[in-house]
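First chain A sits with chain B, and in the next complex the same chain sits with chain C.
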Partner chain A sequence: MADQGGSAHGIARASRVRTEEQRKVELDKIAKYRELEDQVRSSVARGDTGPDLFQLTSKLLRLNPEYYTVWNVRRRLLTSGLLSKPSAASSPLTASLTASPTATTTPPSAASSSSSLSATQPSHASPTAGRSGTTADSPVDEAKTSTADATPRAAAVVAVVAGQKKDFDILKSELEFTIPLLLDSPKCYWIWSYRLWLLQQVIDRLSVPVARRVWQEELGLASKMLTRDRRNFHAWGYRRHVVAQLESPRLGGGSMVEAEFEYTTRMIRMDLSNFSAWHSRSKLIPRLLGERGADDSTRKGFLDEELGLIREALNVGPEDQSLWYYHQFLILNLVNPVGHPTLTPAFTLEDRVTYVTREIQDIKELLEDYDDVKLIYEALLEYTLYLGQLQGRKLDGAEKDELAEWLQKLKKLDPMRNGRWTELERECGLVEMESFGN
Partner chain B sequence: MDSLGDTSGMSSSAVPVCSSRCLLSPLSRSLSRSGKSILHIDPNNYYGGADAAFSLQEAETWASSITAATDNDRGTFKSASITKPDGNTGLSFPRAYTLALSPQVIHARSKLLSQLVSSRAYRHVEFLAVGSFYIFKPTTRSSQKPSLVRIPSTREDVFFTTAIPTKAKRGLMKFLKFVLGYDSEQQLETWQPYADGPLADFLKNEFKMDAELQTYILALTLSLDGLITTRDGLSTIYRHLTSMGVFGPGFAAVYPKWGGISEVAQVACRAGAVGGAVYMLATGIREMEMSGDSIELRLTSGDTVKTRMLVRNDKNAEVGNGVSRLAAIVGSPLKSLFEALVEGAPLPAVAVITFPAGSLMTTSGKAYDYPVYAFAHSSDTGECPVGQSILYLTTSTTPDAKEILAQSLQLLSEAIDADHIPLSLFQMYHEHGRGSVASRPDGSIFNFPDASLSLLFDDSTLEPVHEAWKQVMGEAEVDTDYMTFPDREGVMDDEDMYD
Partner chain C sequence: MSEKSKTLPQELRLATSVHVKYIQSLDTRKDEYEYWLTEHLRLNGLYWGLTALHLLGHPEALPRAETIDFVLSCQHENGGFGAAPGHDAHMLSTVSAVQILAMIDAFDDLEARGKGKAQVGKYIANLQNRQTGTFAGDEWGEEDTRFLYGAFNALSLLGLLDLVNVDKAVDHVVACANFDGGYGVSPGAESHAGQIFTCVAALTIAGRKNLVDADRLGKWLSERQIAGGGLNGRPEKKEDVCYSWWVLSSLEMIGKTHWIDRDQLIAFILRCQDPENGGISDRPGDMVDVWHTLFGLTGLSLLEYPGLEPVDEVYCLPKSTTERILGK
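Our next item is the complex of A and B:
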């Protein structure tokens, strides 16, 4: 390292003052890292596939999780040897058996009770496979009907179960390995993609109940990451992916809409300013109401509650854009019923007008205490225009005066968009067109 | 104990420090780490001075000593008494308890904590979350029993609470926003005229807050007379708001496990001893003789020490109104007080309840003009066994104080659970006079106040400590080294990863 030079003229050192000792320690660390890297490289070059190389990748990835080549090395080690061969798992005979670590390995003919064996789908299930549970040809039945070749069949079953147990242990351990790395580098793509690969292996190799449990734990992890950084939109996207998998027939799932809706409520309670949570919420509502079989009066009640909720939120956070976006989502639902899915299809025009008018009134109340928040004026502007459109009429005098006033305010509060405000003034006929040449 | 009788055995640059209370222990440790010879003596046979924490046996001994002491010896404590009901109440053995004499909570953004971090002492102290701040609401016509209302101090709290009407919520939000920028030029203009007057007036006039909302804000300051100035009040609330979420969601203050501030003192003493300072308990100064710029101290142990500088706490002056305290061990875990209300928040171990001024009545029918504050400690503090809790009540000392504290204890128990009023297993009452302020009567002696009576750790008490350190260090002083110690050799966090 370059000599830092003497402090001959008593010049103060810049921010990082390291003692000689600390510098030495850092140089040591760098040397060790380089050595580790070299070891991995040469091992791979030699074509090693043993546990030593695996250990080396662990060490190196702990120091540098961004080293994606090393993730690939690790992946190859798993698929080329550590995990069981695909042929064992796809035996058409018994498909997958419950592979919990405490599963018995007794042959099916001996265990007539179905508690130790539950028939599940084959690991490479056809898309039309049903939920986990009994199918017509449970291994118990099969075993009973083909006692003639019970021995090779039993041996194959044992092999499958053992293979699944081994895979489960390895995949679990791999998932655990990534956790401290994730906590340190929560936005490192390579760690997430390795996890996703592991989770896909879980679906491919393990039985449905086991795979389901693993994915449910994954949901727990996604929640934890979101608690640490609730606006991490990668984490929200990841969560949606996990939920989609859990809902899929592949994992024997059903709809999780209620739980996910409740989750957005909890996230909002933690932090109102959570754009992703409000967005998720808006996406879930149509499905939610559909699944609840909500009738018109229930739908109206639901809308009233959501409007109440967002109004309370705006009451304490009118400067927060994410809240206005959600409010707008609810308003558009009222204003744009034609050709768009709406929460309240039974609302008459009169109903919609009443609601929008009331919202405008409530927002005006906010001005009593918050007179310099530009988003309030923008909302008032927009909703007044919507009202006119809804009723298919032009704005009356009083409304025009209000609009003019709000636009004046906006020009002061948001001068960067003066062009827009002036344009709106013209469009609404609030200013006389200047005649040129005067 | 090594003899110190021979003055040549002690360098004449030794700096005796008298009293091992919270502020002075880190000072002696700091000086010792900076190469000074330190002798730290404490006339008590326990660490911590007025910040100490006692087992039940120690508490009983202490209370007796206060009662038996003459006016000269007692220092600033008086009227200590202990009550416990007879029979088998479920009180556990004495060492199962740690009663803090002067419980305090520490804001997350307090300077004390950043000093604990930079001096590496934080590793030996476990910090617990101080969760909700409540207001006590007495019985009214519409509610048959007293209740506790949570004070909202974040936007999300205000959003969620049903205790405040819509328009008042807006007023509260405007105030919270104001406080966050209170030292900007624009805000300064607004509150400067009220700076030395009561915060309550500022809230009423500038923010149109009604009496109820005012009590919510004042409660966050834990002001003992309820008359905290606007200047001090805004500064405290600012620290509260900016401390929110610093160490985790849902809480703004922490409490050291195993007895609070006394634990900080203990840790500092142990660390100081490792660094070479000498500690002597049950030793005080019998006589002091000044000659030139050197002081000769004759200790009660018989040793004599010569020094150029002395740091001590001043137990003598009793200036102004002190506090009356009641510590009560109750036989219930009081779970409802210690719930984590936010996702991902740790379970709090301490809750704060305020009885606003005027909410209590004396037996003679007058409204009691001072606030009463209660700290509820769960067994997570390590101060009592699982299944029990400790309630520490504090109010300014007045003729009615003792009775009011007893009444508050009763009402608080009712408010928490009117159907199963928690039984009180042990109570300790005492009064603590307000001592002097930090001073330096002459070049070689530093006087520190006996204790801070504040319920919130007061950062301003750290300044005289820093001053003392600077004076003792003299020319060798490097300000950035104050309370900043590099790790000792071989103690680094992430070394093992490279093995």
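Our next item is the complex of A and C:
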């Protein structure tokens, strides 16, 4: 029920009245669509597994990429004949050895399926042809080098290699098929999900170095999608998944935390307001410091740098929520009442108090230029309360006066949330009659 | 509030009768291309439309017997439901099917003429990832907290929540929490109002609402209201009627609905109505659809707009339905 597909987002309301001519055109379009749909359905019902049905699904998905059942038809076609028999074993080479005899006899042949795939997508026809066997991308070259001197296993290896080559071509072609659809419908869950399934097939069926290269290219796609829409949460999620896979032993990977951290820095420099990038940064930092083997003073230096970065940003954009959330993330590290700070575990209580006090002071200075930005007052309120909690003390008279003043400002600047301010006023003991103490 | 609504100008009153007509018309638009392009959402659409009609006080506006027949015609042998006949079974359409049957009190028909409750429960339970506790949408494996919530929603309505490992699922939801108090699609993902609804509602169904950082989450959710009165789904994004549901229901579950301006939100939702042809859109002046129509109405219902039936903030069903089934 949380699915957004098919709903109209941001399309201007227009008259539903059509001319007779427009209606005819639409009816014709419907007839063609339904005919294609019927062809797919009856072909599936007949139990067809060949390239004809595959082409029909390409046509239908281009008209309607939300048609999840048709993506499933395509998956079944791939696993039930177009691709080599799946390998359950961790080594694709060994597993494909046993599967190759059937794979070679199962129609359609690699050549015919490959060409039928490219025939359905003219724009990608030449890249497909260009890949055949001679580029550095090809798994064949790799196998050739590893089996250069003919061993008794050579024949079997050749069969495996042919199977992997075929799978490689098909999977690459499939990945390319989804690109224009994704560019047109970047928020369509089904396309993203199909693509991830394809990439899983890449891991299951191809050798580690080949699979790794395919997955690496996915990072490029994630970046491209995020350049087009910096906040697309599908693309951010996809990126996290791709990175996790590239880091995994299955793809012979290692940590990419430095590179990903650097990526968030670039995205933030491009657009300070990109909370998705700040969020990603908040998730990477604990790992980054751990893997750097950062000692206490490096950690302190790191925190200082992050606070410097965000303060600089706040100086120019104090009305931006994204920045305040990241600031809050850093402050929570200091005031977290449960356990120790995670970024700077060696900080004493005194260090923590010093830092929070200094941040409060700096934020107060922001008021000199921006006395009508409500987020500044919110931060001051919140951090002052944190400071009291951190020190395990009640707020003093001067602090209470400040809280009362900030709350008055908030009520004036941000009346939408008056329910919240009034409640806070009571909780802070600023309303005499209903004091809850603190 | 009700005093105020009387003084609202005409265009800011709920156009109940045209909304009813709009929803009734949805299945008659077979001469529109869009109708055919959205078949993969048919069962979801029926749930959205029927719930909207119940909230509008016109539960009879869609014929009950035909509704049951259609729902059952979408069921597969394995117990799951597809979006329409000929479409594969999926968690999303299965949840819609259960919600529809719950709303029109037709679980008996599912037993007598369908594959039965137990089979539906089995289909859903099989989609749980036994290692992580989360749920996939179907056999192909896409995982998302939406599916986890859907599973909890449907299974608890069917009285079959014990078919799954609730504790593991709860652990998974907790792993999706962020420093800002919100929740994402999966561990590591950015907080998003839609996912927050699914996670908080799943924890509520599991009886583990205590795991929510209500104060921090409440602050984040209340900041979703922006100039113009509408709500957005993430920081620095545009407002959209559907967040009137995702944000507001979450605020309701943690008891903080009063942290936003109700009257301004009501006015925003009402400005998104198409007062002539019915339906509600994402923003004023945009094309309407049944999805935004439902979530505009559920928002208004939570805001106690006069004349609307109360909605259950956890199940997104009329309260009368959850009271009847769950004894809430």
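Operating definition for what follows: the second predicted complex is superposed on the first by the 325 of 438 C-alpha atoms of A that agree within 3 Å, B and C clash if a C-alpha of one lies under 4 Å from a C-alpha of the other, contacts with A are read in each partner's own complex, and residues count from 1 in each chain.
The definition used in the following text is that a contact is a pair of C-beta atoms (placed from the backbone, for glycine too) under 8 Å apart; a residue touches a chain by one contact, two chains touch by 3 or more.
All of these numbers come straight from a predicted model, not from anything done at the bench.
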TODO: Check whether A:P345 is in contact with chain B, with chain C, with both or with neither, and answer first, second, both or neither.
DONE: neither
TODO: Examine A:G293 and indicate which partner it touches, taking first as chain B and second as chain C; both and neither are also allowed.
DONE: neither
Open item on the list: For A:G392, using the defined touch cut-off, is the partner it touches chain B, chain C, both, or neither? Pick first, second, both or neither.
Closed with: neither
- [ ] Look at A:S276 in the shared chain and tell me whether it touches chain B only, chain C only, both, or neither; answer first, second, both or neither.
- [x] second
TODO: Give one of first, second, both or neither to describe whether A:E66 is in contact with chain B, with chain C, with both, or with none.
DONE: second
Open item on the list: Per the contact definition in the header, classify A:G47: touching chain B only (first), chain C only (second), both, or neither.
Closed with: neither
Open item on the list: Let me test your reading of the model: by the given contact rule, A:S322 touches which partner, first (chain B), second (chain C), both or neither?
Closed with: second
Open item on the list: With both complexes overlaid on chain A, does A:K29 touch chain B (first), chain C (second), both or neither?
Closed with: both
Task: If touched residues of chain A are counted for chain B and for chain C, the larger one - done: C
Open item on the list: For A:Y189, using the defined touch cut-off, is the partner it touches chain B, chain C, both, or neither? Pick first, second, both or neither.
Closed with: second
- [ ] Indicate the residue numbers of chain A shared between its chain B interface and its chain C interface, in ascending order.
- [x] 29, 33, 63
Task: chain A partner contacts - residues on chain C that touch it in the complex - done: 31-33, 36-41, 44-45, 47-48, 82-83, 86-88, 90, 92, 95-96, 99, 137-138, 140-142, 146, 149-150, 153, 178-180, 184-186, 188-192, 194-195, 197-198, 218-219, 222-223, 225, 229, 234-237, 240, 242, 246, 256, 258-261, 264, 274, 277, 281-283, 285-289, 291-292, 316
Task: For the chain A and chain C complex, residues of the former touching the latter - done: 1-14, 16, 23, 26-27, 29-30, 33-34, 37, 41, 63-64, 66-69, 72, 75, 189, 193, 196-197, 200, 231, 233, 236-237, 240, 273, 275-276, 279-280, 282-283, 320-322, 325, 328-329, 332, 415-420, 423
- [ ] Quick one: which bits of chain B touch chain A in the complex? Just the residue numbers, please.
- [x] 155-156, 158-160, 166-167, 169-171, 173-174, 249, 342-344, 492, 497-498
- [ ] Please name which positions on chain A make contact with chain B in the complex.
- [x] 25, 28-29, 32-33, 62-63, 224, 227-228, 266-267, 269-272, 312-313, 315-317, 366, 368-370
